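Shared between the two complexes below is chain A, which has chain B as its partner in the first and chain C in the second.
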Partner chain A sequence: MLNIEKNAVADKLEVILSGRLDTATAPQLESELKDALNEVKELVFNLADLEYISSAGLRVLLSVQKVMNKNGNMVVTNASDEVKEIFEVTGFSDILTIE
Partner chain B sequence: MSDIIIKHELEIEALTDNLQSVIDFVEENLELTACSMKIKMQIDIAVEELFVNIAHYAYTPATGKAIITIEIDNDNKEVSITFTDSGIPFNPLEKEDPDVSLSAEERKIGGLGIYMVKKSMDKVRYAYEDGKNKLTITKKV
Partner chain C sequence: MKKKEKDVIASMFLPAAVVMIFTQMTGVVANIIDGVVTSRFLGEAAYSAVSLLAPMVNIILLFASFISIGGQIVCSNKVGTGNRDEANAVFSFSALFGIIIAALFVTLCIFSPGVLFRVCGVSVSKRPELYEHMLNYLHGYVIGIPAVILTQVLSPYLVMDNGKKIVSLSASVLCISDIVGDFLNVFFFSGGIFGMGAATSIAMWLQLCVIMIHFIKKGGYFRFSLKALTYNHFKDIVKNGSLSFIKRLATILRDIGTNRINLFIAVSTAAVAAKGMQSDLNMLMFCISVGIGRTLLTMSSMYYGALDKDGLKRCFFYAMKMCVCVTVTVGIIVFITAPILSNIYTNDSEVVELSVFSIRCMALGLPLDAISESYQDYLQGIQNRKMVNILCFSERLFIPVSMAFVLGMLFESKGIMASVAIGKALLILLMFIALCIKNKGIPKKLEDYMFLKEDFGGAKEDNYVAQIADMNDVVSESRRAAEFCKQHGVNKRQANLVSLFVEEMAGNIVVHGVPRKGSKVLVDYRLYADKDKISISLRDYCAAFDPEKYYELHKDDNSNKNIGIKAVMSLAKDIRYINTFNSNCLFINIVL
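This part shows the complex of A and B:
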């Protein structure tokens, strides 16, 4: 189960994820964001309630990061220690801006 | 002392739609150990990566079974999980590790899953026996 909440203010979009970002739910996030990023200059992923991320979830974050490298910037906030460790092991901590 | 080893097995159609059932099976068994949230998450990730690999590649374009065997050794505080399939012989451990130092632009989308498994588990073994792929992960809990 993944819950996706989006708060847009002008060209800033906050995406709040809760639950699990895995093989089953990653396509859901991908399609939610597909058309939502066009006008976005600043993207914030709030992961405070994200319990779990697998490589399928990392793949979505990577492809969104690539889009945002062209359009503006992206930050990841409030990730748990467990999720942060996954970012470390996979080198994602160097790719993403983690706050 | 073999009597303190708990062993459970799940035989299931290797389809990504069955991932939740596999995770549930593993989590139920992990509740028999004193493992931390962090280790539970690492094991969950490894299970997802390995089961999804079988679902995607082992029998394509047909489908087939996967057998997941979990062994809990509470004496040595160790959990082993074996994934068995009768599909195409394939050793995922031979796959080259992704370069995790590359930038977002340079990174390829694939290859991360098995790398995460290798990094997070204490032991990962592959064998091809009796026409079956057998991949075993072991983790101290």
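This part shows the complex of A and C:
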């Protein structure tokens, strides 16, 4: 299960994810963000409560990163050690801005 | 478990068993044609002489079987856990051992044939007319002995190594070339009984040449390499092979015993010839039992090595079902066509009458024979040596010889022929009684028949098995895997890894796997926990795909691709892949 909470302030959007970002829930995230990024210049993913991420979730993050590269910037914050490990071994720590 | 869950086992078992049955049968058909041609064109005495050499052929096969099955069991155990180097070492040692044994036999046959004949129960003084025929046949047969042994040793590895087509082709080559050789010998070369032996030898060498194509060409799994061989492997091969040795030895002693009883009681060469025809057909029908049994032996060893109780149960059940269905059908056909089969050999009315009776007795015993043989092979696969020894000596020696003696004394030659079926029925009854005693009541569940230790494969709560057919299954099993880990006190990181491995690797199979013609993608999935590790195994029957090789080829590619495999290969410290029985088997162990 994936819970998605969005907090928008002006052109900044914070997306708080909790639960699992896997093959089943990745389309849900993609769908939520599809039209939400139009006016956003600063996107922050808060992954404090994200327990698990798989390649499906990484692909969604990658596609959002590509959009934000044109529109502004994107940051991933508060990722757990388990999630950071996945970023590391897949090379996503070089692609994403992780704080 | 859902009904579809039998598919992967059936997909692995059935093609392998069919090939094994076909291979065995073509060899026996060639043998029978040898017998028919010898009987029809070279005379009854020549045919009787070749029949009496059966114990000698069995002795050769005894050693071939010792090496073949011992190696097969140990190798399957290694394959069951994806241990490639060790599997290769065992294969290589088996081949080397086969060559040495062959050389010894050729030497014995050339320099001391009398020793072998005495073992067969024939002496010059008692049957001089048969002795010369036996010697001439041996001179022709001795050339083929190395090919006989190496074919026996290498064929099971071919089946494991996805070489079923070559096995079938080699068996066809053997059969056709032997038959052609027989007729050329009789109608063209007039080589007599020596020519019959030589034709068999040439056919065996042609078969071996075809088999060797697989081991020479690229892409096969087994290659000659003694690199990882240790003394323990040698010990295990001998230990496991010794059971086959004992089985065959019991068969030889039975043949010698029944030969002597038959010669003692039988008043004519006709009775010997009729018994020979029963033996020929029994050999042909026995191929079904051997084909199913040998496949069960290999697969049960594989699942036993992987401590996979569920896989073992499904495999055992499928094999027994196949045994009963096929042999009952074939038995009925043979029973009805017994007169026709007898007339293929001879027109002599005395021989025909006896052989119809003997063939029908054999047909009645066929299903019992198949169950008994497959059961022993299963027990051998799970290394229950005590039960195999008890069953084997009962089935192959004590019961047949004692039945042949008692019934022979009461009913002469017909009694000996009937002892084939009556003995089998008695054995099955005794087996059932033994199981009732062991289970302290009538065995009701499949496990009651399987002689597995209580703690084999771990406790029920330490095992989880399922089948995965689509991405919904992938996701739910991935989540369940995390729960399973938490229930076993595994830390969050490792639970996440297990979940990830299941999602990525099973997901790859479901999305990218190319199913065999007429089937769908289906993954046999098992999760097993013990105090030291969590093990994941994934088996599918799709086109061969080695994720380790794929990762090596693509690990430096664009980092946006193959994310799932990259994550798994980087994080899994113990990951093994093997392709066997045309199925992809992936094993991942997470040390706790």
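A few comments on the model shown:
As a convention for this text, the second predicted complex is superposed on the first by the 99 of 99 C-alpha atoms of A that agree within 3 Å, B and C clash if a C-alpha of one lies under 4 Å from a C-alpha of the other, contacts with A are read in each partner's own complex, and residues count from 1 in each chain.
One rule holds in what follows: a residue touches a chain if its C-beta (ideal position, glycine included) is under 8 Å from a C-beta of that chain, and two chains touch if they have at least 3 such contacts.
Source: prediction; values computed, not measured.
Contacts of A:N69 after superposition on the shared chain: chain B is touched, whereas chain C is not. Touch criterion met: A:Y52 reaches chain B and chain C at once. Look at A:E14: by the touch rule set out above, it reaches neither chain B nor chain C. By the document's definition of touching, both partners, chain B and chain C, reach A:D22.
On chain A, the surface patch touched by chain B in one complex and by chain C in the other comprises residues 22-24, 51-52, 54-55, 58-59, 62, 81-82, 85-86, 89-91, 94-95.
The part of chain C that touches chain A in the complex is made up of residues 471-472, 474-475, 478-479, 482, 492-493, 496, 499-500, 503-504, 507, 559-560, 563-564, 566-567, 570-571.
Taken together, the chain A residues at the contact with chain B in this complex read 22-24, 51-52, 54-56, 58-59, 62-63, 65-66, 69, 81-82, 85-86, 89-91, 94-95. Chain A contributes residues 20, 22-24, 51-52, 54-55, 58-59, 62, 81-82, 85-86, 89-92, 94-95 to its touches with chain C in the complex.
The residues of chain B lying in touch with chain A in their complex are 16, 19-20, 37-38, 41, 44-45, 48-49, 52, 100-105, 107, 109-110, 112-113, 115-116, 119-120.
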